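Handing you a structure now.
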Amino acid sequence: MNEEVRKESGRSGAFIISARKRKFQKIAKTAGESMLLLIASFVAIVVLFIFYFVAVDAIPYFQLRGFSEFFTSSNWYPAGEPGEFGALAIIYGSGMVTLGSTLLSVPMGIAAAICLSDILPFSVRQYAKPIIEMLAAIPSVAFGFFALVIFAPLLQTHGGPILMWVWWVLAAPFLLLAAIVIADLITAKIQDQNSRERMSKVLLAVFSVGALGFLYWVGSVLQGIEILTGTNALNVSIILSFMSLPTIVSVSEDALQAVGRDLREGSYALGATRAETIVKTILPAASSGIIAAVILGVMRALGETMVVWMASGNSSHIPDPWFNYLEAVRTLTATIAGDMGEADQVTGSARYHVLFAMGLLLLVISFFSNLVSERIVVRQRKILSGQ
Amino acid sequence: MQMTADGRITSQKDTAKTASRDIYLPSERKTIAGGGTPHVVAKDFSIYYGEFEAVKKVNADVLSKYVTAIIGPSGCGKSTYLRAINRMNDLIPSCHTTGALLFDGEDIYGKFTDEVLLRKKIGMVFQKPNPFPKSIFDNIAYGPRLHGMNDRKQLAEIVERSLRKAALWDEVSDRLDKNALGLSGGQQQRLCVARTLAVEPEILLLDEPTSALDPKATAKIEDLIQELRGSYTIMIVTHNMQQASRVSDYTMFFYEGVLVEYAPTAQLFTNPKDRMTEDYITGRFS
Amino acid sequence: MNVGTRKILNRSFTAVGIGSIVVMGIALLIVIVPIIYNGVGAVFFTGTIEHRNMLYNEFGEGDEAELAKQNAAAGVYRKEVYAMLAGFEAELEAMESERQQEFRSKYGSVRNALTALMGPLPGDTGAMLTRFKYGQTRWEKAEEKLHEFLYEAKWDYSDPDAMAKEYYVSRAAEFEGTSLVKIFPYVEKHLEEIMRPEFTIYLGFLTDSSVDSHIFGGIWPEIQGTFFLAIGAMLFAFPLGVIAAVYFTEYAREGLFTSMLRSANSTLAGVPSIVFGLFGLAFFINTLGVSESKSVLAGSLTLAIMILPTIIRAAEEAILSVPRTYKEASLSLGSTKWNTIMTVILPAALPGIITGGVISLGRAAGETAPIIFTAAVSVGSAIGLADVFSSPTPALSWNIYNLASEHEAAAEIRHVQYGMVLALVGIVLLLNLSAILLRARISKKLKG
């Protein structure tokens, strides 16, 4: 039958190739794809290499000096004879500026992400996004320069008044809002409409006066503060928060966008305001994506080198008291950057290897945070797609 | 249940449901435009998406140089069947086939088939016009260049010939270097036809080519199909039964993956043998 | 809660959201505006005759005759000053030894202040460093130095609890009763004639090399080094990244291995930049030995692996956004998969890929930490293209740090630092801006 058709059509086999050619094609295809695979695996190979080479240079330090000094002592005298390599204060400093920047950037970043995804109309959003992208694009050394040359002298000369103004601008609206809400909640039980309103007004006045007093008191305390050095943990925390904001905003915005319209419409249909819809419905649904965003933002702050190197004061001690953000600190990244210049002349020494130990610490932390944030994102995607 | 060289075509349904039946084509049909030789032959041909059998054991001959329309409700497998003919379904990883689909007597899914050479012989035009974001000239010349033609003069000839065949030459001859995305939807679709013709295929597969077009552009495409009939074997999937009746010589009706009826178009629309076909063409379901 | 309160809460919620975006905008402005304002001052400023002399002597720029005329005009007033100095020196010789002792050291600091203002004085020994050969080249600096010349800064330590306070003592008062007392009002009155300030556009700031570690001259070696490093990084990372993206989008079968590769990609994206520096030092220089010590090559390789994940992600997104119909059309015309990728998919994805590449280029240009140990030196002249395999280079990012934090005269050359920061931020933001515009054009094109 096939033969018959073939004879009739007379053009048979135009797309049939010989077994040899087929084999050749297969080999070429496999070879090509393996090449591509090899190049695609390059990234994975690089990651393994980074771990290996940093670890290989870090391990000799622990062999030479053991673990306890590194993690428990805060005596950092690498150039001494014999050198001391207590990194506790440095780890603490890293933690401190990271925490500080997170406290500033997370609330602001999430608020900005909500604003971008749910509040601003599309036309405005188009202009808001480039602001965030530009903030992300500015090189870290430019931020460091700003922190060192402009911000630090400003803090040093006008620190107290600046703190006071920031306190007033940030705290006044929130305290007023709190007064309104508390007055409302307390009077909610009163049945009679008129007396409830009167009572609520009285309470509001009382609370407002109290809040104003509190504001003024804290403000005057802040104004009296004299900042001895502008290159301190506060300066660095503020600048780092600018730098991690873009990451937090864009990843959280993605998470918020991933929550579909149905959920929003469902909530509005029940009479919720926009704020209530977002806080009670959208944020819980997007929570894991937002947590991932926060982790990425924290990593950005922890891994940043230039700003902390230039503007943290590089003083290896735990501030006194421990939460004093107005003192100079030193971080892991800045120590690696700053000490390598002297240490790499003496490649074999503990002084060289201890910097790799710090690098390994950063690497391990970033690896696990990344793993966690990735897991969280995958889980959220699964939950949202209903699996 | 086999096709024969004299043009008898059988279609087979799931045997559990209905008995198979034979449809005999009127003998005069065979002689139009150079004889009705079978061009694409399906033998117990099934297509699966994973476990799901999307096209079920089709047995049919598509005759050379005729226009064959494929109709049926959405999701009946008609597009899947069409795309199987030039192996576009290969793009879907879970897709596989059983049975045999022969083109010029050779198995399209055979071990030694080169799908690239195959697709050169079997061109396809898609639902939505999909010109490349290149100039009109480069769009048409894309295929010939792929197959090793680089001479500018010859390419220009091919471009002109293809555009003329697709009845587009008069409209675009003065702006061949302009981006093809600047053409209207109907022009884009005819450009896609011209682009396919430029590689000189034997079969032209049209997958609902007018579904994204307005009535005027649709009419032009239909005219074009009339022009091309007799030179190419044309298979067209369409939702529009008027269109099928206007442009085709033969019509296949698919329902839930089964080729229910396959007959000369006039016969299928005026005197359907199957109750299901009748229900469909009279609009009782869609 | 009653409805009124809920509405107030709702509005404040909106206000907080908009407020945080506004704060971000303000933060951007606060950082950018002083950098632009002061950075522009590195090129556009009021320059003194010392600037023109420096340009003529060090770079051979300027009109010799015109300069000689200006020098002669300024010389008239300068000679007066020198005469006063000479007169006082004669007077000093004639003093009794105790008074002489007292005035000699005061006179020494006056002379120093004057040298800093208007350049070497007659009787000064030949200057070792170029910076001592010229007075103040910028008018605002000259005014600062004039103040230092007129008043001596002293510190008040009287209150042991508070920080010491600075206060100023007029030098004229200290020389009361000597012939030198005339010099102070004279210089103050005739500063313009002595220094001859003129509005200057010093475009050479971008194209000249530096003189005496950036006290004078321009930042060309840094700009060139930044370009070498960034473009070198792209040469490695861009092809690799695009090919990897092609693999991930067109060839990879979803499975454990592919998801591990993807995971490696995001891990690499999260590695702190300083760790890349450590890796570059330990691997490229100490292990592979691509160069003896720091080199542009080692720095470019290190930057390349840093920007690789960004390029892969951007390229993947760009490829995935190419309509699938293009691929179908090409395949149906008898094109092979590889051919389709090369002739249809990549060209269509190219604008998106380039956008990602441009942003990565900006990132490579702006990064500092990875090149500290692998490529950057603080002082140096521009290197030739042939030297990139073996020599290190100055680079904008590193030299901003270095000039601002480690230079011995950091406070004297703020204008150079600002100029460098502006050059770097300008390069990076221009790259990003062009990427944003490119993207806007693509989305417009896709809309038709």
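Think of it as A, B and C in the order they're written, each chain with its own count starting at 1.
Note that contacts are C-beta pairs under 8 Å (C-beta built on N, C-alpha and C of every residue); 3 or more make two chains touch, one makes a residue touch a chain.
The structure presented is a predicted model; accordingly, all values stated were derived computationally and were not measured.
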Q) Taking each chain's centre as the average of its Cα atoms, which chain lies closest to the overall Cα centroid? A) A
Q. Chain pair with the most contact pairs?
A. A-C
Q.
What's the farthest chain from subunit C if centres are computed as the mean of the Cα atoms?
A. B
Q. What whole-Å value do you get for the distance between subunit A and subunit B if each is reduced to the mean of its CA atoms?
A. 55
Q) Centre to centre, by mean C-alpha position, how many angstrom separate subunit A and subunit C? A) 26
Q: Determine the centre-to-centre distance between subunit B and subunit C, using the mean Cα coordinates as centres, and give it in whole Å.
A: 64
(Q) Multi-chain contacts only, two chains or more: what residues does subunit B have there? (A) 117-118, 120-121
Q) Among the residues of subunit A, which ones contact at least 2 other chains? A) none
Q. Which residues of subunit C touch subunit A in the complex?
A. 1-2, 5-10, 12-21, 23-25, 27-28, 31-32, 34-35, 163, 240, 243-244, 246-248, 251-252, 260-261, 263-279, 281-283, 286-287, 305, 308-309, 312, 338, 359, 362-363, 365-369, 372-373, 397-398, 400-401, 404-405, 414, 417, 421, 424-425, 428-429, 431-432, 436
Q | subunit B-facing residues of subunit A, complex | A | 1-6, 8-9, 11-19, 21-22, 25
Q | subunit C to subunit B touching residues, read off their complex | A | 253, 323, 325-336, 339, 343-344, 347-348, 445, 448
Q.
Under the definition above, what is the set of subunit B residues touching subunit A in their complex?
A. 2, 5, 37-39, 41, 64, 102-106, 110-115, 117-118, 120-121, 202
(Q) Quick check: in the complex, which residue numbers of subunit B touch subunit C? (A) 86, 88, 91, 93, 116-121, 123-124, 126, 128, 130-134, 142-143, 146-147, 181, 192, 195-196, 199, 205
